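A, B and C label the chains in the order they appear, each numbered from 1.
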Amino acid sequence: MSADTRFQEAATALGYSFEGELKVGGNYVPLVRDGTTLYISGQVPRVGSTVLVTGRVGEEVSLAQAQLAAKVCAMRALALLQRELGSLENVRQVLRVTVFTQSAAAFTQQSEVADAASELLHTVLGEPGKHTRTSVGVYQLPKNASVELDLIASARL
Amino acid sequence: MSADTRFQEAATALGYSFEGELKVGGNYVPLVRDGTTLYISGQVPRVGSTVLVTGRVGEEVSLAQAQLAAKVCAMRALALLQRELGSLENVRQVLRVTVFTQSAAAFTQQSEVADAASELLHTVLGEPGKHTRTSVGVYQLPKNASVELDLIASARL
Amino acid sequence: MSADTRFQEAATALGYSFEGELKVGGNYVPLVRDGTTLYISGQVPRVGSTVLVTGRVGEEVSLAQAQLAAKVCAMRALALLQRELGSLENVRQVLRVTVFTQSAAAFTQQSEVADAASELLHTVLGEPGKHTRTSVGVYQLPKNASVELDLIASARL
């Protein structure tokens, strides 16, 4: 089964489509390619024009909701890679993922939030989905998003 | 009109000079080059030895002031690129910009703050100024700066 | 004296061993290599299974304790580079270091915290230890760590 098929299965499992325009909120671009290196802009858990999960994790938002948010962010990043490369089979490696969680003062499960994104990347991409990761708890995020994720990946060619 | 001329015009429009020493606050360097990739250290809105905009955005600091801060950070990054490369015409592409805004608990316009930096990069550099971006709201920044910006760019050679 | 010897001296001076497993907290890897570029996951000040320094800097945690935390994070990153490359002599350059400090609302010495890591990198690696740096104050970190550090480095070959 190809990474693209697994991506479609993950979208179906989440119940969201990632086929429409992947809007960015400002004067920049969602993806830049430099040789074989691909930089993806910070993704919030937006589907269409709606940010699905907003608010402070550990207060208004549960760990499970934050994990859903992290998955949606990761799916957006995968959708951008797929459009750029034609197929997710052309991802050589995810190099770096940074996950920012809008956190309550005492919420310390940022790694558990990010795990949901990491697992999804591994499920869809297999070995090329293994990555380095940094997880931090921030005070706010654009549009009150609960989670934001960016990444750097390499392409096979 | 060259990117260097547009840089000078942007400095004049802001009313600040970026010709002096661009101090860094600690035991590190402002720019490292690795092949054609250029890493720029996090820039706060400092001109000379003064951090121009300090305090929490959405509380003590307005969106407009934070946008000014973001522009000054971006100008410092451009000044560093110009010194390294001789001319801003030698910037091939800005690859990644990260903008950290010291935010009030309910301030969610981090993208609008970062837009000021993104627009300036595009105005000065043209197409090579288009970049991927991550905007987050943090709890504090060095020297109580309202905004901090770092970036990665590529050089033509 | 080699960088590896200086690394061992730094470990002795800190009073900790970095020889055991360097655990990561989730479904990702501590290091990814892409050509000559090495990405290191975010490191918290963990020795064995204990996070040595936890809590909010400027409130529960002093600047000196946070600096110790930053050094331990940097030692972990160095240990990962050493294992990957065989010797720290094979580090060509540290390109980018990002230091996240779990900060009190009014704590603005994030650069001073990060300086401890920067100095250690320079002490152990010499010139190749010079790097670009971004220091920010965040609201929380995984496992209530006081400091988290990630980095990108290049290898000699």
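Simple rule for what comes next: a residue touches a chain if its C-beta (ideal position, glycine included) is under 8 Å from a C-beta of that chain, and two chains touch if they have at least 3 such contacts.
Bear in mind the structure is a predicted one, so any value in this text is a computation, not a measurement.
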{"item": "Classification of the subunit B:subunit C interface as same or different, half of numbers criterion", "value": "different"}
{"item": "Cα-superposition angle relating the copies subunit C and subunit A, to nearest 5°", "value": "120"}
{"item": "Centre-of-Cα separation between subunit C and subunit B, whole angstrom", "value": "25"}
{"item": "For subunit B, residues contacting two or more additional chains", "value": "37, 138-139, 152"}
{"item": "Residues on subunit B engaged by subunit A in the complex (per definition of touch)", "value": "37, 93-97, 103-112, 114-115, 118-119, 122, 130-139, 152, 154"}
{"item": "Contact footprint of subunit A on subunit C as seen in their complex", "value": "24-32, 34, 37, 39-42, 98, 100, 102, 138-144, 148, 150, 152"}
